[in-house]
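I am attaching a structure below and will ask some questions about it afterwards.
Chain lettering (A, B, C and D) follows the sequence in which the chains are written, and residue indices restart at 1 in each chain.
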Amino acid sequence: MSEFEQIPQSLSYWQDVRARFFANKISILGLVMLVLLIFIGIIGPFISGWKYDELGPDILSAPFQKGHWFGTDDLGRDLFTRVTYGIRLSLTVAIIVTIISVFVGVTLGGLAGYFGGWIDTLISRFIDTWQVIPFVLIGFAIITVFGSSFWVIVAALVFTGWYSTTRLFRASVMQVKSLEYVEAARATGATTKRIILRHIGPNAIPPIIVVLAFSVAGAILSESVYAFLGVGFREPTPSLGVMISGSRNFLTEKPFVFFIPGSVLVLLTLSIVLIGDGLRDALDPKLRGVK
Amino acid sequence: MSQPLLHIDDLYVHFNTSDGVVQAINGASLTLNPGEIVGLVGESGSGKSVTAMSILGLVPKPPAIYPKGRILWKGIDLLTTPDRELREIRGGEISMIFQDPMTSLNPVYTIGHQISEMIRVHSRISAKTAKLRSIEMLDLVGMPNPAQRIDDYPHQFSGGMRQRAMIAMALSCSPELLIADEPTTALDVTIQAQILEILEKSARELNVSVLLITHDLGVVAGICDRVAVMYGGRIVEEAPVDDLFERPLMPYTWGLMRSIPQMDKVSTKRLYTIPGSPPVMSRPPKGCAFAPRCEFVIDRCHTEVPQLIEYAPHRMVRCHRVSEPDFIAVLA
Amino acid sequence: MFTYTIKRLLQSLIVVWAAVTLMFALFFIIPGDPISLKSGEKSLPPGILANITAKYGLDQPTYVQYFRFWGHLFKGDLGYSYKNDKSVNTILHDGLSTSARLLFWGALLQLIIALTVGLTSAIKRGSLGDRIGTIFTVGIQGIPVFVSGLLAQYLFGVLPFQMHWDWLNFFKPWPQSWTAGVIPTDSWKGIILPALVVAVVDAAFIARMLRSSLLEVLRADYIRTAFAKGLSARRVWFHHALRNAMIPVVTVYGTSLIAIFGVAVQTEKVFSLPGMGSTIADSALSQDAPVVLGLAIVVIAFGAVVNLVVDLSYALIDPRIKIDSKAVH
Amino acid sequence: MSEPLLKVVNLEKKFPIQRGFLKRTVGQIHAVDGVSFEIGHGETLGLVGESGCGKSTTARLILRLLDPTSGEIFFNGKEIHTLSRQEIRKERKDMQIVFQDPYASLNPRMTIRQIVAEPLIVHGLANDDADPAVDEMIELCGLSREFGNRYPHEFSGGQRQRVGIARALITRPKLVVLDEPVSALDVSVQAQILNLLDDLREKFDFSYLFVAHDLSVVSHISTRVAVMYLGKIVEIGSREEIFDNPHHPYTKALISAVPLANPKQERIRKTTRIVLTGDVPSPANPPSGCRFRTRCWKAQEVCATSEPALLKIGNSYVACHFPEM
């Protein structure tokens, strides 16, 4: 049968996704950037020879002088050590926040999407309400009431991020649920568990992965914004937002104090956004088979 | 004999895609005379819609490229006509209706606005006159209460009524040719009967030529004067409608006609089947596009593309074996 | 359209009520302690303590406080600061004009940038400009507003000052002692830089959205119909494609107008503008709950109005919405 | 005569129309309204009608993919309408469905072999997709077993529909519901699938419920035909009776509207063709009495006031006050 000869080599969905992700130069750039930043974040504190809160005699010394690769801040602390700690802190907080947000999103979104009815109405209206509150206000409110400890900040970030994951997962489940192959699976006599695990789950996951990436980037940004405004982490915690906030007074004379943590923060979020963008294209079933 | 209205001359249309070059049309030729209703029949991917859209220059370039061929409209090559002149021909001399009346009308404007817009682009008349003309056209295609319904939006109409509005719009500037691309495929059979009746009646009344593109041989049999069959990007057979159905000469046409279940000859006999699937046009067969599925294939079919030859007056066929008397006897 | 407007208005009121209640609950589950704010660390005699508690109504049960709170709200009274004796209305009044100017220009610039970039990159899709635009619009999403604000100060203040590029300097006269960028906001040139910073982040996002929405609409059947009618490309683009492409964009623009407040807070801090945003951030910092709550209510109400306007303009763009709602009644 | 395989009595399905902020129910769509029919062993019932007539809903109700609002379904001696979700799940071994869209009805993350094996695994008839019965069924449906490890997107529409048929038949069901199985396919491929269905019926002796809008296809495959209009069966009878001697005006108009691939005959048919006026009314607000009366050329006053019952005329059952004889 000659018609079968035209069929190209068979790839599973994930093989195909991987191939398409790695065919995209920009997403590879993002991945390389992120890996480098994580690597620096892990080893940096061990190789710099300074502690992040260690006050030194050299105040605002320029990069590559007196044993400070990135120079020192106004208290003489080593910027390289602080920035590498900053990467660790940003990523740790962002990953914890994302895990909790996705957990909340998958649970609430899944409930609303799969069962519909009054559960869906309730959850959807709650999200509508939540949406008219600008995200900084939620953080302000929580931090006003509870102060700014690590877990309060995490909670504030979850409260700013949960509804977008919920909304997206709800839409995703509803879309997959209405697909004909799910009905086909029901028609074969498959159990609800099997339908969720084999048919709905695997097909609702791709959008979650994209949300995951953007949620991490969003949490890093929000954390730094809270820190910058003084309602997040505070001195001497080496958050990138704290460092940038402290650099404002030296913008004229010692701009590197701003540019170093600033560019690290930008590169960190940018690399994740680029990966997320690449993932979105690679996971899009409409683009499947397109090289 | 007078000049043909439309003459498509050895047209090639290719698409540059990420999957390679898709050779949608590989040398299609077709002639249309004034007042004629011609059917262009083919399955999905045969290139029939691309041919139709190429006439009006509606295929986006890129990805489309035109390596070869001409589309002569009253002697002018539409492929090289500058955009400004082409725009006057579009809608003014040649107009088109599409398969899906649900999506072919802009959802944010009223039907009246969309018809008047077309009229006013092609003639210098006032908005008021254009509106009156729109109502007149809707009345012609059998829309009830056209004066009121003209201010309704497309989503307030049924599929059949939208297709009527599309026909009214297409005929509003008195074109000489109407291209109908699968005009009834998305409609129910009782609505299809309405639309075909209106299409034929208004075309004959206004003396408009029609190029009717469809996959349904029944639709073609009902209203066409002449039929061209397309397969794998080429016209494989062209004949007056009675001749084609009575005595198909190309194995594809022959097979197609025997593979459709016939309601008037109720029988549980097995249908004739053409094996395999239509060709993938990014990797078309080297010789005759139908060769891999053909029951009567000979070696030459795989290596050499047959020419479209005039087998008898007005009967064009593209098949290597058409000159063998025995072969013709088998098909009959 | 009238019934639709009324229905949407009622919905907005319910949402505002719910959001304000949510904020109220957050603040008064664990009431902020005005006493310690007023007195510092000193312990007060019980009589004075009771007076202060009564002044802020904190001796009442929560539901009484809640109803009083709404009662005051209806009279337009947003409460009193714990920290100083100013009313929240006065505090609001002080910051409102600066913030309003910033947000107005920011939102306007945002729309202009988004439309220009989105449209041109869709029309010239695949061109070098489009590709640069795409990289730029993706990249900008990775830059927090306070960083771009400081960067703007450096590029349009510090650098021109040091290099004597006066034409590029937005900060004339150069401040005697540079702390944060103090910018003369009363001039047109003064507000444009912070407004640009406010505008640019979401403008990039909306531009991307508009681009993909336009490209999708251009594949629609009715666009093909429009070309087949003999319309010019310009007419098809602006009359037929743009209006349909705006339908999803309007929603995003609405959310971005709500989020713009968060952007404004950062911008005001970076440029040391005396607006509502800085006030609310500082009040949060000093745990001055009534001020945060009072200003938050104003912001939420603003957000609800924006949502309402967006929904109504949505109905104006897309006739399917208002007509469907009419069909039900 | 023995018990029929499937017996449907007075089947009804109403869908609520929900609107607004709190999703209030503002009306009902009466998709299926009192449908009764039987399918005998080895028989093929064609269910025809235009879009929105309720034919696909009927098919889903029989399989309990949708729960009926009221009515009874007897299948293979069991009362399907009373079964719990657990019990109906087991019953699906004996009643299967093939869907219209061969692109949407196959899970893109599963290989052909996994898709075809799923019903066996679900019903505990096989442990995994390595079961020889799977490859056998794949080949029986005209696909090569080497392609069992491939994914649906690599196949053409006709090939995917073969996969859908293989999945439906692997448990050797007694009843197979075919919901527009060939309407998404090209003409030349459609014949292949129709022949395959014919062959399989001969080999395994199932009953088919063949749902379609295309009368030519239905006339080819069915032994009996039921015609639906706006949620009701207007005529049901043997294939020959329906096509040679239709009694209901709607059936007559429907048959007359189909264009035949025969120019000479078409020219004659065109002069006598019954072209119905107007559109099908909304199922949310159907006409009183006979639902077809708004488009019927024979409608009288009585058609608006009283609903015609399905009565025996000749060898068919017809719901009309003024049937054609």
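Here, contacts are C-beta pairs under 8 Å (C-beta built on N, C-alpha and C of every residue); 3 or more make two chains touch, one makes a residue touch a chain.
Here the structure is a predicted model, which means the values were calculated and not measured.
Engineer: Among the chains, which one keeps its Cα centre farthest from the Cα centre of subunit D?
Structural biologist: Farthest from subunit D by mean C-alpha position: C.
Engineer: Any chance you could check whether B-D or B-C wins on number of contacting C-beta pairs?
Structural biologist: B-D
Engineer: Roughly how far is subunit B from subunit D, centre to centre by C-alpha average, rounded to an integer in Å?
Structural biologist: Here the centre of subunit D sits 31 Å away from the centre of subunit B.
Engineer: Using Cα averages as centroids, what's the distance between subunit B and subunit C in whole Å?
Structural biologist: Comparing mean C-alpha positions, subunit C is 53 Å from subunit B.
Engineer: Mind checking the centre-to-centre distance between subunit C and subunit D? Centres are C-alpha means, answer in whole Å.
Structural biologist: 54
Engineer: Where in subunit B do residues touch at least two different other chains?
Structural biologist: Where subunit B meets two or more other chains at a single residue, that happens at 277.
Engineer: Hey, what residues on subunit D touch two or more of the other chains?
Structural biologist: 21, 156, 159, in rising order.
Engineer: Going by the contact rule already set, what residues in subunit C reach two or more other chains?
Structural biologist: Subunit C, residues with two or more chain partners: not present.
Engineer: Along subunit D, where are the residues that touch subunit B in the complex?
Structural biologist: 50-51, 156, 158-159, 186-192, 194-195, 198, 213, 215-217, 219-221, 239-240, 243-244, 253-266, 270, 273, 275-277, 279-280
Engineer: Could you please specify the touching residues of subunit C with respect to subunit B in the complex?
Structural biologist: 220-222, 224-233, 240, 243-244, 317-320, 323
Engineer: If we count contacts the way the header does, which residues on subunit B are in touch with subunit D in the complex?
Structural biologist: By the definition above, subunit B touches subunit D via 43-44, 158, 160-161, 188-194, 196-197, 215-222, 241-242, 245, 255-257, 259-264, 266-268, 270-275, 277-278, 293.
Engineer: Where on subunit D is subunit A touching in the complex?
Structural biologist: Residues 21-23, 63, 65, 89-93, 96-97, 99, 101, 104-110, 118-119, 122-123, 144, 147, 149-151, 153-156, 159, 164, 167 of subunit D touch subunit A in their complex.
Engineer: Can you tell me which positions in subunit A touch subunit D when the two form their complex?
Structural biologist: 1, 3-4, 7-8, 10-13, 121, 125, 179-181, 183-191, 194, 198-199, 202-203, 285, 288-289
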